[in-house]
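A, B, C and D label the chains in the order they appear, each numbered from 1.
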Amino acid sequence: MNGTLVQQLVDGLAALMLLTSFALLAQHRMISVLHWFAGQGLLLAVTAAIVAYGTGSDELYISAIMTLLLKGLLLPWLLWRVIRQLQVHREVEPLLNSSLTMLIALGVTLFSFHMIQPIEKISQLITRDSMAIATACVLLGMLMMITRRKAITQVIGFLAVENSLFFAAIGSTNGMPLVVEIGIAFDVLIAALIFGLFFFQIRTTFDSLEVEAMNAHLIHKDDDE
Amino acid sequence: MNLFVATLLAPLLGGVLLAVIKDPQRAAVFNIATGIVTFAVSLLLALEVLDTRAVDAMNGWFHLDAYNVFLVVLTTFVSMTTSIFSMPYMRHELETGRVDLPRLRLYHSMFQLFQFGMLLGFTTNNIGVLWVSLELATLATVLLVSLYRTPASIAAAWKYFILCGMGIALALFGTVLVFFTSSAILGHGNIALSWTALYAHASELDPAVMSIAFCFLMVGYGTKVGLAPMHAWLPDAHGEGPTPVSAVLSGLLLNLALYALVRCKMLVDGSTGTDMAGAIMMGFGLLSLFVAALSLHRQRDIKRMFSFSSIEHMGLMTFAFGIGTQLSTFAALLHMTVHSLVKSGIFFTAGHAAQAMGTQKMAEIRGLIQHQPGIGWGLLIGVAAIAGFPPFGIFTSEFLLFTAALESCAWTTLPLLLGLLIAMAGLFRFVQPMVYGEPPATATSVHVNMVPVYIHFGLALLPGIAIPLFLADWYQQAATLITMSAIAGGGGG
Amino acid sequence: MSSILIQIIQALLLLLLAPLATGFVSTCKARLQNRRGAGLLQPWRNLRKLFVKEVVIASHASWLFRTAPYVVFTATAIAASVVPAMLVDTPLSLTADVIALVALLALARFFLALAGMDIGTAFGGMGASREMTFAALAEPAMLMSIFVLSLSAHSTNLTTMITHTIHTSFALHPSLAFAMVAMLMVAVAENGRIPVDNPTTHLELTMIHEAMILEYSGRHLALMEWASMIKLMLFATLIIDLFMPWGMAMQATPAALAIALGLWLLKLAGLLLALALAETALAKLRLFEVPEYLSGAFIIAFLGLLSYYMLEAGV
Amino acid sequence: MNNIGAIDIALAASVTAILATCSPLVVRRQQHLRAIMCLLLAITAALAVAAGISGLLGSHGQTTLPLGLPWMPMHVRIDALAAFFLLLIGALLLPAAIYSQGYLRHVKQLIPMVVFLPLFVLGMIGVVISDDAYTFMLFWEVMSLASYFLVTFDHHQAENRKAGFIYLLMAHLAGLLILGSFAVLYAASGSLEFQAMRDAPLSPVWATGAFLLAAFGFGTKAGVVPLHGWLPDAHPVAPGNISALMSGIMLKIAIFGFIRIIWDLIGAGDFQWWWGVLILAAGSSSAITGVLLALQQSDLKRLLAYSSIENIGIILIGLGLAMLLARYDQPAMAALGLVAALYHTINHTLFKGLLFMGAGAVVHSTGTRNMEAMGGLIHRMPWTAALFLVACVSISALPPFNGFVSEWLTFQTALLAPQLGSAMLTAMVPFSAAMLALAGALAAACFVKAFGVVFLGLPRSDMAIHAHEIDHWMKAGMIIPALLCLLLGLLPVSIIELLDGIPQLLLHVSLTESVQTHGWLWLTPVHASQASYSAPVALTGMLIIGGAAFLFLHPKGHAVRRSTAWSCGTPETNNRMQYSASSFSQPMRRIFSAIYQPEEQLHTERRAHPLLTTRVSYLVHVHDLAVDKLYQPIANYVLLQAKRLDRRHQQDIRSYLAYTFYTILFLLALLSVQQSAMEQRNQPAATSQSQPPATLPGLTSGQTGTEVRR
């Protein structure tokens, strides 16, 4: 299978990646958000595998497997357990209504494409196009964190950002060195664990997962006005 | 290179062991012991590095030069004194029931793990690993911040976690971008992330990619440095965590982030050859200086206030590094050192003050000098030092910074001057009522250990009166190292 | 040698003639008011009587109250003895130029005011307060007119100024005119004459100078009174020296001195007569119109200055 | 050099001061501590005097200490200017040290005083002998900080804390401005050493920048109107000995810095005509405003503080005249103005120090600073009264004391000034002289009030009735400056000869031959035929006449009868009848009401009939416009901004994330803009990094960039 095909495949996957990001942004029901998240994880694993095949580097196979396990299975499962135990099913409607969010998302995507143009010109890598997509996804993930109220959706947004980073790493640079990847994966794992830890603490201390609930305890309102 | 290994292993082992030591007293002692050992070893290491300008350890995985080895020593030193300080402090917390035994265990082990993360970050030669270790240190401190399990502390930790996680993610993206262009030149492997290699080939890295990468790195690491407007996590994290943690956060973690940022700047400068990165850093520096200076006037919580002062000083350092002349870099490094010392010292005192008065609300802290002169004068002197009064070192560094700023871009001196003035006013207007006057009836006298504070202030006094020669040429080396790639040499030495 | 002698004589003349001058003014006033008046020598008689009378001082008075008269008197006397009356170049004239002269009078005033405040009555403080206030306002006017004069003479030394005025051919200098008017106004204020202050009033609330010496009696009062007489004399002589010094003796020859003495007395009489006229013609100002009066003097003097720069700077 | 030079003595003095600071480490007992501090300070002062005199007599010297920055050790040097100010420091510090021995007897918590007072002194000495910008700033800030701790020494009153805070703030502002001025000089000369700064040529723009920064910095520190707001708060609240030192010496150190930077480092060659005008205007306004406000105070030490502002104004008038004259090539006259200013500097040090010590004594024995509660103290504290009187006469510029000499010299400078550049300037000089005259006369009024209300008349309160005389230490401490006041008043010629090194240093002209022509007895600044003054002759004359009159009139054994004073026939005079402090200054208030804008409240309680007034209460408050119109608005503005910003800190986590988001977007946008701009500038952007060492073009371009920015 020649390079062009691999590249086309990767580009296709990149498109899917973008799609998932938009989907995550659009979803309201917690479960479906989770599904899309898991889907993104799988997508990453596939990408890793394909790129590994294309470049014939074994490191990438390992990272593909890691991704599959961690992002495709473990994290979604963890989050699913949290959701079930805390009975958070439906995200109350986000800050901005979804259509507006979508518009902003489109704008962000365009912007990131514009930004990445110079790179596209000079990169000789087979998979450079995906860089733009990755950037867009990062920004979309942030957008998701900003527009959602529930702590969990924020976390998913965070993990989505991580995913798109990872995608950037594989899709456009054929994967970071193994050590780094392991380190990153390790961190993400710990992060996820801590997240889980937090959910329960937050739930027990604030008996809600609304972000505002926490806020009240930090804002030092002026009494002198 | 065994010294180096020891430096890294000591805190790691210490952390692991501390996780299993039950008895708080012994744990505290062991904690101190670890600190001392680490410090001793790192000192020897530093001497070795000073002889041979730069050292590569473990076939290039780690790199030590004048710049980071002095930060290593600073880190180990402050962690050591902090561990000494935390002994009576945490005992008091234990007695007042704010923490229980398991949490204390968590605290001790996390403390050392944090130190390990710091050292790893400083010494590693791989910017990927640098990122990983920074994340590691962050995660460790997240647990420390939420140690008290009070609503406020949990909320603070959450904020800290989310915001810094976000930032750190962006930094990672920046790193990926760097790798994206470097792998094209250095081939596909660890070498493409090793800092020395990157630095050597900086000029060949594609400027366009590097500048985009720098944007992400700037925002990412900038969040950790606590630069406005990404600083929101910092006051809460400092305010709600245990005081020793606030001390190391301000004194060390911010330094690590800034260190990473500067390393990246060196690369970007080398690649783009413009002063774009420097200008951006100067912008963020000034902005942070002003935001912090103004916010200082609105504080109610003593630790929050000093964390804002940390933001202010981080802004100053970023600004100084941004100028990028040798003199300014020298000033920034000096400022980094003295600020770490003084600020952690202040946090020690502030912690004791809060314990003595039973609150962190400044409105309820009164008459410290009369109540416990040690604390009161300590706080007053510390604030005078941090506000940039001689004979403390901050005065020296700010003096140099000022001259450097006027040399390279005169107009910035005006906002600089203004910001410093406002900040100083903000600090003193709150500190004065705390130290002067009559103490409230509710004040209880606490057992304090002011020795670390005195040590810190004493050391901070040193550069103000006379910078020891070895220290000076150490800074000189570091400054030359940093500014070599930067534009507009000259000034200073 | 002889010059020192003349200096002493001159000083004594000033001191001794001072009461006569005051007497002269009051007699003129009396005549202008169709009264006979007490005669020229009345002040002398008063002084002699006061010198022998017993001293009664207020119960709270301190040592300062008792030393003040001597300070006031000596300061005024020294000031007077510096001013050349007949001989232009006297040895003592180096002691103090015009400014130092003013300062010596200020010293006298300072202690006068303190003495007024020493006996804790309302009037003493009142007098002191008013005196110091108005003196403060008079000061710049006086200095400004002196300055106008010193501009052309390039000196504040009396001797030099006089010689300069004598030697320059008489020409009408507007600046000098302005300066003279200002100086006259200031002199009236400084000596506490109508329209600023009425030395013969008996109503405490209107007093300025008298209020301060209200508690004095006997020799102390005598010294105070004499001092104020000398002051009047001094100002008259000063104005003569600065504005109409013609005929003063350059060398200490008897003839010259005789002429100088005669001329001096003549001019003196003229000035004092003018004063008497003014005092009869004018009414006393209300207290808070005095500042306007004095600032007016200052403005006039300053006009003199400007006119010097604009009209005569070339001269 | 084998023999001891001035610089060595000065260093010895600083070492002694350091020893005094460290004394609490070894000594525990309060009594011993006090004694040791005062002793060491006295030694310091003596050494400073020695160094000063030997320096003025020509023993200059410089050396470097192994302290300070690595590539620049501390340079210290003594020239005529430094020597003069060393002398000034010592001249007041010595009596102050003796005075403190008695004054601090009843102080409870002595440690801060013992630590910070010597530190304060050290700072002042260090500033004077410093020979590079770093050392100067270091000691300058040490001086400010230490004095702050001394101002807040008695920190239990809220007003003291507030005063201390404002003081520290303004001191810091001044420090930063001065730092800015030095930075300009540094940028011009490329070195921190004064010598290099002297030699470096300055473009007019840089020179103006340095001048303005320095003028405002030192003006703030010296309390020049309208930057003086902190001074009348800070000086009164400090302990007596401290306010004596602050008002007496510290303000002069600001003057020193002014002369050092503007006359010495920038140099008379670079003066521009409006500099002198600016200084002259500032001086005149300070003199008038200071004394006018002083007149209205009923807090004794506050009154003295305001009068310090006035005297600083007088000094500045002298300096401003000198600057104008120097600009228009009249070095001789300029030298005269300079000497006049310096002379007034040391005079003010002496009598203001004495006044504050006296005020300290009064406050110490009555327990209040409010003049309305004093009166009649001359009976209870005759010594204090006499010494205070000497100071009052001196500061009111009355012969034969020293105050008059300096003001007289200033007058001479103004009156004898020949034509300057334009008629406007020439007319402005005498106008400022007139203002000086007004200020002088008002000062006299002010101190008649001060002395009269505090010491004369009847006691206005029990505190005043039970006042007690001070002990011998304090007496001794106050006698020295009193004698010096007389001495400086009597021997101006010798003093001017002593100062002659300074005009030689700054203007390369000497006054001696013109001054000496008639010997020590006659002070003839320019020439005897122009102006002359001889205090000794005047004094002897007064003694002769006065003595004669006394002997003549004072009959032996003739007791004076005492009786109640005349009060319109009311039998008994009581202390409520006499003029109070505020009634004394009432005419002034009325005349200058435009400047004062006094807040007056008059309450009259009447019983039934409008004529039966039971009690009348009159409250007056005179505002310091500088505080109301300058300080407050700025402070309010800053706080408002802070408040606005604080809102931003009270949002929830998402908005902070949003900030991060916006920031990254902003940066990227910035980048794209910049890159498109660059592409337009040099089309082949892609090729630029293909050339092997791409840093080189970067370097060059970058350097040009910085050149542009410089």
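Assume a contact is a pair of C-beta atoms (placed from the backbone, for glycine too) under 8 Å apart; a residue touches a chain by one contact, two chains touch by 3 or more.
The chain lineup, named per UniProt: A, C = Formate hydrogenlyase; B = Hydrogenase 4 subunit F; D = Hydrogenase 4 subunit B.
Everything numeric in this text was worked out from a predicted model, so none of it was measured.
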{"item": "Chain at maximum distance from subunit D (Hydrogenase 4 subunit B), centres defined as averaged CA atoms", "value": "A"}
{"item": "Pair sharing more residue contacts (C-beta pairs) when A-D is set against C-D", "value": "C-D"}
{"item": "Where subunit A (Formate hydrogenlyase) and subunit C (Formate hydrogenlyase) are represented by their mean Cα positions, the distance between them in whole Å", "value": "99"}
{"item": "Distance between the centres, which are taken as Cα means, of subunit D (Hydrogenase 4 subunit B) and subunit A (Formate hydrogenlyase), whole angstrom", "value": "66"}
{"item": "Gap in Å, rounded to a whole number, between the CA centres of subunit D (Hydrogenase 4 subunit B) and subunit C (Formate hydrogenlyase)", "value": "37"}
{"item": "Geometric centre distance via CA averages, subunit C (Formate hydrogenlyase)-subunit B (Hydrogenase 4 subunit F), whole Å", "value": "78"}
{"item": "Per-residue overlap in subunit A (Formate hydrogenlyase), given as positions that touch at least 2 other chains", "value": "115, 118, 122, 142, 145, 154, 214-215, 220, 222"}
{"item": "Sites on subunit D (Hydrogenase 4 subunit B) at which at least two other chains make contact", "value": "643, 646, 649, 653, 657, 660, 664, 668, 671, 675"}
{"item": "Multi-chain contact sites of subunit C (Formate hydrogenlyase), meaning residues that touch two or more partners", "value": "none"}
{"item": "Interchain pairs in contact, sorted by label", "value": "A-B, A-D, B-D, C-D"}
{"item": "Contact footprint of subunit D (Hydrogenase 4 subunit B) on subunit A (Formate hydrogenlyase) as seen in their complex", "value": "95, 108, 111-112, 114-115, 118, 121-122, 139, 142-143, 145-149, 154, 211-212, 214-215, 219-222"}
{"item": "Parts of subunit C (Formate hydrogenlyase) lying in touch with subunit D (Hydrogenase 4 subunit B), wherever the complex brings them together", "value": "51, 54-64, 66, 70-71, 73-75, 77-78, 81, 92, 94-97, 99-100, 103-104, 106-107, 109-110, 113-114, 117-126, 128-130, 132-133, 135-140, 142-144, 147, 150, 154-157, 159-160, 204, 214-215, 219, 222-223, 287-288, 291, 298, 302, 305-306, 309-310, 313"}
{"item": "Touching residues on subunit A (Formate hydrogenlyase), where the partner in the complex is subunit B (Hydrogenase 4 subunit F)", "value": "57, 115-116, 118-119, 122-125, 131, 134-135, 138, 142, 145, 151, 154, 158, 161-162, 165, 168-169, 172-174, 176-177, 179-180, 183-184, 186-187, 190-191, 194, 198, 201-202, 205-206, 214-215, 217-218, 220, 222"}
{"item": "Contact footprint of subunit A (Formate hydrogenlyase) on subunit D (Hydrogenase 4 subunit B) as seen in their complex", "value": "643, 646, 649-654, 657-658, 660-661, 664-665, 668-669, 671-672, 675, 686"}
{"item": "Complex contacts: residues of subunit B (Hydrogenase 4 subunit F) adjacent to subunit A (Formate hydrogenlyase)", "value": "126, 128-129, 131-132, 135-136, 139, 142-143, 146, 149, 151-152, 154-159, 161-162, 165-166, 169-170, 172-173, 176-177, 179-181, 183-184, 188-190, 192-193, 206, 208-209, 212, 236, 298-301, 304"}
